Amino acid sequence: MAELAAVVGIGQTKYQTKHKTVSIAGLVRDAALKALQDAELTWDDIDAVIVGKAPDMFEGMIMPELYLTDALGCNGKPMLRVHTAGSVGGSTAIVAASYVQSGMFKRILTVTYEKQSESNAMWALSNAQPFSVHLNAGAGGFFAPIIREYMRRTKAPSDAGIKVAVKDRLHGARNPLAHLQLPNITMKEVEESPMLWEPLRFLESCPSSDGACAMVIANEELAAQSPKKPAWIRGAAMRSEPTMYAGREEVSPQAGIDCAKDVYAQAGISNPRKDLDCAEVYVPFSWYEPMWLENLGFAEKGEGWKLTLEGATSLDDKGDIPWNCSGGVLCSNPIGASGMIRFAEAARQVRGDAGNHQVDGAKLALGHAYGGGAQFYAMWVVGSEKA
Amino acid sequence: MSDANKEALEPITGIESPVYLDYNFTAGQATARYLTKVKEGKLVGQRCPSCRNVYIPPRGACAACGVATTEEVELSNKATVQSFTIVHIPIPGNPIKPPYVIANLVPDGANISFLHLLSECKNEDVRIGMRVEAQWKDASEWTYAMENIKYFTPIDEPDVPAEEIGRLKDA
Amino acid sequence: MSAQAEVLQQAFTLGYTYTRTTGPVVGRFLTALRDRKIVGIKGSDGKVIVPPMEYDPVTAEELSEFVDLPDTGVVKTWAWVKHPRGKHLLDKPFAWAQIQIDGSDIPMIHMVDAGDESKMSTGMKVKVRWADETKGFITDIACFEPA
Amino acid sequence: MRDIAIVSFVQSDCVRDAGALNEVELIMPVIRKVLDNVGIQSAQDVDFTCSGSCDYLQGAAFAFVLGVDALGAVPPIKESHVEMDAAWALYEAVLKIRMGQADSALLYGFGKSSPGELPIVLSQQLDPYYLSPLWLDTVSSAALQARALLDSGKATEADMAEVVARSRKNAKSNPHAQLKGDVSVDELLAEPTYLSPLRKHDCCPISDGASAMIIATVEKAKEWGKPYAVLKGIDHRIESHHFGARDLTRSVSTEIAAKAAGVADGPVEVAEIYAPFSHQEIILKKALGLGDDTVINPSGGVLAGNQMMASGLSRVGEVANRIIKGEIKRGVAHATSGHALQQNLVAVLEGA
């Protein structure tokens, strides 16, 4: 029943610690304009704008879309703002696609961003109200014990996390937009980097970045007229579960499993490792690659780390299912945009437009985002063909 | 011209913008009840009327069932380490000096963990399944805060097998 | 069911001093303020906008043609703050006003220190009262005052 | 396109301070009631859930995350959130149903504005270089707009007082209203100004609360066997953030949205307008193209109680409930966001 929709334009800023020469509007505009240029369109060709970002406290601006409308050519048009924690970049892309898939709009622009250098993300995320009943140890303090439990269950060697840290940085070195550029990184260097939240080391964690990512999404008719190859949206799904409840499976949350099943069913995928050519998956801490390999059905339970160590997910090792060819969140993390970057990078692959991190002949790719305490998920599958 | 003056003539490229907002926060009913008991030196969870699981700290609802929780259950000072991390970096707003151990602890009688400090043991001795006990500050220092418990310390009881700890059970 | 717990209340401040980068347009305006000057920017239709917008509100074009302006203007609309709030920058009754800087078309919002509501009227002329020390911030304009 | 049925709407009482109720405790009762109205158990029984809220109201990042605790989201549900009034959550759900990914949806909005100084908190909605450092609060920006309207001759202070008197009178029949009663235009005009030209009563009160709604395809509503109102049209638009670039005496974005939603395609018996300040009702009535035969804000509108982040959804719900009860056949609802009506949503509802 849904109208077909496709990504026809992608724009990204460079990801870096601090974008010093732009305002917040300027940062967002840069990505949006590049997406328009990629689609060979102008502001007048856009019917609506969908903005996503993580908490307003990062930049200390409430509902910043109200201010961004002028920079995004949105005056007189619909503007919607999505916020679903760290998964927001992915959720925003899905909501944006629904503007077109509903048949109500022909072509829309969607933008996500974070200008984390305006504050301190750790402060914004861990700012506690009075009467807080939980000890505050930052995001790593939340995720490290879950990683430890994964290691206990699977008996994975610590090499697996280190391997991901190296692999994604080597991928990132192929991507000029990636924040961290570490072309000579070694396992030893990661292993010797400072421990932050044991078992997580500094180089096994994501950076804090400024950046924005935008996409133009069009309906079937307009996508067919698009100058560059469209990335057809073959499936999109979101799932949420409560943050804390008795019996919650935190290592491999049910919401992630269900979301993947849903999106695979829509895209006709029965074996993700075989059927997909590559994946861009939200991996902010190295160990989340093996954990998500299992959660997303690329590996049997307890076996995810083996794929990683075998090099199955590495472009440089010529793996069969490269993950995060762009360098992923471990290289660039403007939180509000990170999910959309995954979705956009998946689209770049199936458009054959991923430059030096292109997977040869990629036809079907997964974009994945998660947020909060890993209770919010957004995923899409994009293809070079409509079906 | 002094260096300071030279610098002052550079074009403006950045500003500092203080955004400070004042709130008068009121704790929710569940939290208020919980912290009122904590002030009395007790850990009191709430049981879900539907799935019977016991929540600590109570949040006013069983998130799994989406129903309000009211039945109170006093819990033991003893708990089991469900998982943990050793924190090596300073956290904004957290005064404790690293490195220190924070653990997901499931108090006896509860079906969910909370984070608290673990101390009086070697960091490398901490393990999943380890039995620990709350060390409360002197009663004269008790307020409406989890800091009434200084930290948890190991006790001489056999470890609990990981799969029996309750929450992080194998799927 | 237990006895009613106490109501727990506590004041707290949510705050951060954000370090913003301005980009060329906002930066140019703030740099001018530091020099006790006002600049506007020409919109796509040639109308002069103050404070300068980075992008045209109608065409969304990137704007770049700056216009030097005087520090005087005319009140287009105003509101009288009888009881300033704690965060307000003037601690005595003052007016908010949309002020069309002479030589511009699109007015800006700032404060007017007129002493008394009866001194305020739409169409009145005002001029900038500069801060004692300017630093490249919107508050370099301490406020406007009747001219 | 698939018609959307609004099957159930519930809101909590507007109270100045919900005190010792956290987000979950605020939301849960309205969720329970809205589900009971339809005869379903939890969010598991709808295909999609979406909410609207604002972290800064209560001053905590990810305030909305707690809302999920009220839903019974195990097993996991399809869920989303807008950092906007829940009227836009409704819009997102409409897209989901129209594209065929859902046949039903649960929507809710909640706000606990009491902990902060709301008008000052909302000053930080403004651009971060020119205006938010001046702490231009929402009452002040509305007052600038009111003066512009008065100066233009499009309204008088008596017109504004008339809006307030009608709101207070209508609110007498609204059990959720915070401000209600009989007061004359003359009495109101005799009050001193508060933030001239606004008087205190021209401004909405600050309220804590939540509201929730269930929508579905018409087929699903029939399957549930519940009466419903049909959402015939819905559209939302934004305009420039620069006050000076807008004509503050008009609401151009509302005019466009009203046209796109089809307000003029039939008689409008009732309009529920989200006008936090009395003069804005006058601007919006014109922008919506409503005549004097339309009953405006029979609930009292937000001048009688304004649950930030829920009020827009509640406007739609108020109209829906009147249609469901058979009181009217066609009505219009409006929601707004930002200072001085920068962003607006318009919905047209009809009987089944």
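Should a chain be cited, it is by its letter among A, B, C and D, assigned in written order, with residues numbered from 1 in that chain.
Note that a contact is a pair of C-beta atoms (placed from the backbone, for glycine too) under 8 Å apart; a residue touches a chain by one contact, two chains touch by 3 or more.
To keep track of the chains, here are their UniProt names: A = Acetyl-CoA C-acetyltransferase; B, C = Putative OB-fold protein; D = Acetyl-CoA acetyltransferase.
Keep in mind it's a predicted model, so treat the numbers as computed, not measured.
Counting only chains that touch, the fewest steps needed to get from subunit B to subunit C is 1. Ranked by separation of Cα centres from subunit C, the top chain is B.
A count of C-beta contacts for the chain pairs A-D and C-D puts A-D on top. Inter-chain centre distance (subunit A to subunit D, centres taken as mean C-alpha positions): 33 Å. With each centre defined as the average position of its C-alpha atoms, the distance from subunit C to subunit D rounds to 29 Å.
Averaged C-alpha coordinates give centres for subunit B and subunit D that are 37 Å from one another.
Multi-chain contact residues of subunit C (touching two or more other chains): 7-8, 10, 12, 14, 16, 18-22, 26, 30, 53, 57, 86, 137. For subunit B, the set of residues touching two or more other chains reads 13-15, 17, 19, 21-27, 29, 31-32, 35, 59, 63-64, 144. The residues of subunit A that reach two or more other chains are 20-21, 23-24, 57, 59-60, 70, 75, 120, 123-124, 127, 129-131, 242-243, 245, 254, listed in rising order.
Chain contacts in this assembly form a complete graph, since each chain touches every other chain. Those residues of subunit C whose C-beta lies close enough to touch subunit D in the complex are 7-8, 12, 14, 18, 20, 22, 26, 30, 49-51, 53, 57, 76-82, 85-89, 96-98, 100, 106-111, 117, 122, 137-139. Residues 8, 10, 12, 14, 16, 18-26, 53-60, 62 of subunit C touch subunit A in their complex.
For subunit D in complex with subunit B, the residues that touch the partner chain are 17, 19-25, 28, 31, 42-43, 56, 58-59, 66, 68-74, 114-117, 120-121, 124, 128-129, 132-133.
Across the complex, subunit C is touched by residues 18-26, 29, 43, 57, 59-60, 70-73, 75, 117-120, 123-124, 127, 129-131 of subunit A.
Residues 20-21, 60, 120, 122-123, 126-131, 133-138, 140-141, 144-146, 148-149, 152-153, 194-200, 242-252, 254, 301 of subunit A are the ones touching subunit B in the complex.
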